[in-house]
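Quick heads-up: structures coming right below.
Each of the next two complexes has chain A plus one more chain, namely chain B in the first and chain C in the second.
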Partner chain A sequence: MDGTLPGTDGTRRDMTVQMLTTKAEQAILKTFEDNAARLPGGKSVAELRRAAIGAFASRGLPSRRVEEFKYTDLKANLREAFPLVTGGAADADTTHGALGSHFGPEFAANAVSVVDGRGTSSGGHTFLADSKAVSMDWVQAALADESLAASADLLLNTALFTDGAVIDVPAGADVADPVVIVASARDNGLAVLRHIIRVGKGAKVTLVEVERAPIAAGLRQSSAVTQISIADGAEVVHIKVVEAHKGSTHLGHWQVRLGANVSYKPFQLTLGEGLVRNGLNVDFTGQHSTLDFGGASVVHGSGHADSTLVVDHKVPHCTSRELYKTVLDGQARAVFQGKVIVQPGAQKTDGKQMAQALMLSPDAEFDSKPELEIYADDVICGHGSTAAEIDPDLVFYCTSRGIPTAIARGMLIESFIAEAIEKVEHDGLRDALIGIARDSLAA
Partner chain B sequence: MPAVQETVEQVKKIDVDQYKYGFETDIEMVKAPKGLNEDIVRFISEKKGEPAWMLDWRLDAYRRWRAMTEPTWAKVSYPKIDFEDLYYYAAPKSTEGPKSLDEVDPELLRMYERLGVPLQEQEILAGVKSDKPRVAVDAVLDSVSVVTTFKEELAKAGVIFCSISEALREHPELVKKYLGSVVPQSDNYYAALNSAVFSDGSFVYVPEGVRCPMELSTYFRINERETGQFERTLIIADKGAYVSYLEGCTAPMRDENQLHAAVVELVALDDAEIKYSTVQNWYPGDKNGKGGIYNFVTKRGDCRGRNSKISWTQVETGSAITWKYPSCILRGDNSRGEFYSIAVSNGYQQVDSGTKMIHLGKNTSSRIISKGIAAGFSQNTYRGLVSAHRKATGARNFTACDSLLIGDKCGAHTVPYIEAKNSSAHFEHEATTSKISDDMLFYCQQRGLSEEEAVALVVNGFVRDVLQQLPMEFLAETQKLIGISLEGSVG
Partner chain C sequence: MLEIKNLHVKLEDEDKAILKGLTLTVPKGEVHAIMGPNGSGKSTLAYVLAGREGYEITDGDILWNGESIIEMEPDERAAKGVFLAFQYPMEIPGVAGLTFLRTAANAVRKRRDMAELSTPEFLKVVKEKAAKLNIDFEMLKRPVNVGFSGGEKKRSEILQMAMLEPSLCVLDETDSGLDIDALKVVSDGVNALRSPDRAMLVITHYQRLLNHIVPDKVHVLAHGRIQRTGGKELALELETSGYADYTGKAA
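== the complex of A and B ==
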């Protein structure tokens, strides 16, 4: 075989490499030692944290030799780790700043706000740092989920999370207004959050996570893991907006478990010049459920946006759809890794994936790895991936109709990205997302 | 959609227990002692009468190989290979330089006859055109080339076609210049092993402006027990040259697993074209997964010159484990790479195959068409890389990789890596029948075909895309695959 398939170079792994701990890894280990006693959770959580930091210490931050991080080398990119923020300056302005102007006041009014790694008490929401919340059986069970030990970025989160929202949507509930979780933190801080959500049978809810900083803000690092368990017949729309400024890093991950007849519609919008990794693992455990994923990113400068999905069809008769669109400028880089697994016996699975990149600058880079792993024969699965610059024919068509070139290009770019955003059905949310994307495109 | 009956039957016909080439031939052999060390490398080099630089090259490769560990990233599993328990050199005793076919062991000729390999040179009579196409054959048995046909006629056109051992003796300057220039000694574990111990293989040099007058072909046969086959093929098409090359492979049925670790290097200079076709039919093991060949091969073509073109076509039905990625390095501006593949796995076969298209030059283009069919308990993986480097402006790629599963005990997997490092790259990757051009379907329907008929027409046209790349001579062998329809394919 040819030896240098991506990330799998047999020849270069030969040497026994003495793992060197980077400055960032050392800082993370020290952060744990300094804060372990103060981190929330009882004895069992403390044990989980201890096991997680142990595993993290032996693995280190993932480098490009780790297949899942082949295109997002955290070891090389994370030069230092900021001190962990564990609460302090709670201030309503930061929440508003993070939401920005496009979200209407109705979203801010009832927001679940987490500032500097701690939930703010206003609004009567439940947070993980509350000893009563963390000791609930279903929360404990979620925290002990072994699939979160799979990679070092998740281990880091388990070891260090300081707080997060705990949302329990009772069976049959129809939550009219979107539940908005807004996370913000002071500059030069590391915020680590864990949100745990349970949606009961037949319930309907729209969840929104916002992770943005005001334009003038400085550097931040954040890790946010959301675990959702969705019971039979529930309908969940789950939206995330991440904006990372230059030098900032956000490592996000959603771990989702779907029951039967569930409709789950996640959408993720990533913006800015920072490094963002959005992981999404969806397990189908009940039949006739549907996943309809939309992803969009607008990346500038030296920004890096990574969307990594693992969709595991464990049972028959489920449908999954993924559409990812990215617009790249400057030296920006976008990564799409989508893996669809159809387990033995998961017949009648219908899975489709599409990843498309529009490259506006000659130095942009798009890396795509749409992967299929299929063990059942009566299924329809497909994927597509394209990368290209703006089609000059389309620009010509517009200009021949009297539209100036700059406007024509703008229209084409916006319509490209809007195809993904339009998957969001909630009018107010969709308008807000399009507004945010438009601002970013104009930047 | 499940596989249609016709396809199921066609695949059954080529199931592992239907293997036709599993006979053994009793030929007296000379073997090197078992195991691998520097002395074995020296032994092989000495047997071949190689120049000193070649021995140094081999020893260098051997030392590098010693420092490497076996790669494990492919989606295949097999017990660890004991490299000390293999014979690295086995040659028929009677082949110490046969001058013509008359001197070759008749037992050997009978073997090739049974395999359907034409070793007799057919004369073209005055005024009478032979209905059979003429193919020059290099027959490689275990470690050595037994005979090469049509050499003289090819020499008239200036084409050098001989075993690589002979090339090392007769044309050392050419070998020295190109050997290892596409697949370096330390490229990967099995390439390093091959560089150290390769015993024979074919060498082709087509001089500037020459269109090779006939198809060239190498027929590989593993015969001896407990041997590994390590052949090395080097093909160079000089400026403006064209050559079409085919290889076929078979092996006897045995309970043991045998290792085949070949290296193929292609070099196409300015305006040259190389077309390389493979019908791989090594023994796949029995229906319980016992025995069979481990086919761990490095194949790579270097489109070194401007406007050069390299095209790989493969029909893979054999081997217990196949692990290979025929690749193109598109270095020259406007160069073009193609990869057409049909991989059928049955029984307990494991296939991890695909290609790499590495766009380095400007306005380079590549096309990948891969069809995988998995049946029985087999695992069939397509793994491919398409990458356009920063300076590869105007790079174009189209990839379509479809797979089909027959039965619920097998697996079909797709692992494509697509890396666009400049904005003018234009990459398209698709993997479902429903995504095959809606326009085409619309056109057919508009002319009165039903949607199913339209899909069938388009899909069959698609499969033919791969088959039509095969030279006529090999078409017969692959015709059994033509009937296979891919209507029920999944990405």
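== the complex of A and C ==
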């Protein structure tokens, strides 16, 4: 039984909800009541938040009975919710530390940093907590996007976000340096961010989101939702690096809308032993656009990494590519759910996905669930999935050349994950991502 | 000197014996050819020399320079100078050829108490050796053997061999899949490595290769043992008569 069970009357149903609310859910509801008055946004945003927390209260955290969370039962796994961080205590100059050593200084120079849930340096952009930014029409429209009411992790974000980057790339702009958003927060806190991005017609930009806890960090919880609307002819590379350690949780979601002739290349790298969810919804709303998704994760010990994609081909002549690779040791678990919807009339859709796991331990688990919902007849859609151990023949080939077994295995594991990271074309970014993955593999 | 003594080999998870008392000696400075019908165990011998898992030595021994190698891991054997050029070289997606070559070369150099090659030194040596084998240097930036033609893979094996400077070279069907020009390039590469300090075991099904890499001795392997040993003219004889004499019941 859970909170969604229909009751015979309102009172009884509320009682049911009350009884079955988990400790974490109760803490989230209380956090909202404690902070609602201080959360940014005008009256309309306050109304959105109130509606979101109401919906959250009746649904609760998603359990495995919610299809999108089939393998990532947040209700069971999120034992408690930390108090919301709303700025202040942490050292404002943590951007460099949060980026880590693999990103060169050029990435830190213009970074948008958010510390403890509050923007600290904007790198020339604006923050959602600014009353001017949040009241802009396009930002308001984004916040009101109904698709964000789809699941409780997103409702939680709407109810509680304290800040986030607002990035407006004008039509025709060719932004040379990557726009880097770095989020860091204190231990034992819940950080909730919303980033809102608009890319104008024909613009080119590379966006990078980084959220990495230092190795010695304590427990952290965070939710980050990025909404991005990409106009006709724009080219966007969108990268995320999440590193969460044991006991920490990150719930991420990207909600993306593509116009016509757009090239959108998202890449998500997930590391560590925490619980990480990366949701990605991409809507094709204009013809001849391309989505080229890459995902890689290195999950250790009792860690859990979930990548759940929903790609909605609403119009004809669009292409989607998804490649996900994960390396799992101990009892680590990775989840890849890739849903491709081809709406009636979306002819000439070309959608392919591949998910591959390298299992370093017999106790690791990989759950791969492709889902094709095709309502058009002239389409090419395909998917594949593999889970395998390191190929002993390849280890032999390397060792027969004098390479010691441990180094050979390391090389093969790195090459497995690097195949996904190679999708990132920017040299400096790719090298940084490979360096970060290598460190995690060696950990 | 390579001494294979009364070697009996079977697959680890099957009872079928493949090598049944194979005895063979290859002194340093000599090139010996092993010829035999398909399925006679030539590759098995090559793999067992290199130390591949999955085979069980039920009797006999393999000595390299007087030392038994059968308990050694493949990388230890490589450090001692053993090199196998594979019949079917493997593709390693995601590992660039240059990275692979450098890791391997420096791993064996370290174990042989030689200084590791610096990047410029390494690149200079690779460029030279690749050019001699008609290997486009750009190809080495790509993942090991991925998308290579059969001939390119074989040349890449010989390049690895040249880089590792082994003292025991085992070449398993290096001629298969090569056209005549590639055969010549590969043979020149192998011949360049002939030296008084090296022993070579050249495995082939066809005599053709032995026109280019002229052996000191030719052995015929069938039914798990060496059935006959002769000079290079034995290869020519097999070319005309075929393996019919050896494919019947064990002698």
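One rule holds for everything that comes next: the second predicted complex is superposed on the first by the 417 of 443 C-alpha atoms of A that agree within 3 Å, B and C clash if a C-alpha of one lies under 4 Å from a C-alpha of the other, contacts with A are read in each partner's own complex, and residues count from 1 in each chain.
Keep in mind that, in the parts below, a residue touches a chain if its C-beta (ideal position, glycine included) is under 8 Å from a C-beta of that chain, and two chains touch if they have at least 3 such contacts.
Keep in mind that this is a model prediction, so the values were computed, not measured.
Peer 1: Is A:407 in contact with chain B, with chain C, with both, or with neither (first, second, both, neither)?
Peer 2: So A:407 only meets chain C here.
Peer 1: I'd like to know which partner A:415 touches here: chain B for first, chain C for second, both or neither.
Peer 2: second
Peer 1: Which partner does A:105 contact after superposing on A: first (chain B), second (chain C), both, neither?
Peer 2: The answer is neither, since A:105 touches no partner chain.
Peer 1: In the overlaid three-chain picture, which partner chain does A:345 touch, first (chain B) or second (chain C), both, or neither?
Peer 2: A:345 contacts chain B only, not chain C.
Peer 1: Using the superposition described at the top, determine whether chain B or chain C touches more residues of chain A.
Peer 2: When the residues of chain A touched by each partner are counted, B comes out ahead.
Peer 1: Once the structures are superposed on A, label A:124 by its partner contacts, choosing first (chain B), second (chain C), both or neither.
Peer 2: Touch partners of A:124: none, neither chain B nor chain C.
Peer 1: After the superposition on A, what does A:399 contact: first (chain B), second (chain C), both or neither?
Peer 2: Touch partner of A:399: chain C, not chain B.
Peer 1: Of the residues on chain A, which ones does chain B touch that chain C also touches?
Peer 2: Common interface on chain A, chain B vs chain C: nothing in common.
Peer 1: Applying the document's contact rule, which stretches of chain A touch chain B when the two form their complex?
Peer 2: Where chain A meets chain B, its residues are 1-11, 13-15, 67, 328, 344-345, 347, 352, 357, 359-389.
Peer 1: Tell me, which parts of chain B touch chain A in their complex?
Peer 2: 1-3, 67-71, 73-74, 183, 186-192, 296-300, 323-325, 327, 356, 383, 385, 390, 393, 403, 405-432, 434-435, 490-491
Peer 1: Looking at the complex, which residues from chain C come into contact with chain A?
Peer 2: 50-53, 73-75, 77-79, 83-84, 86, 89-90, 92-95, 99-100, 103-105, 107-108, 111, 143, 160, 164
Peer 1: Please output the residues of chain A touching chain C within their complex, sorted ascending.
Peer 2: Per the stated touch rule, the residues are 392-394, 396-405, 407-408, 411-412, 414-416, 418-419, 422.
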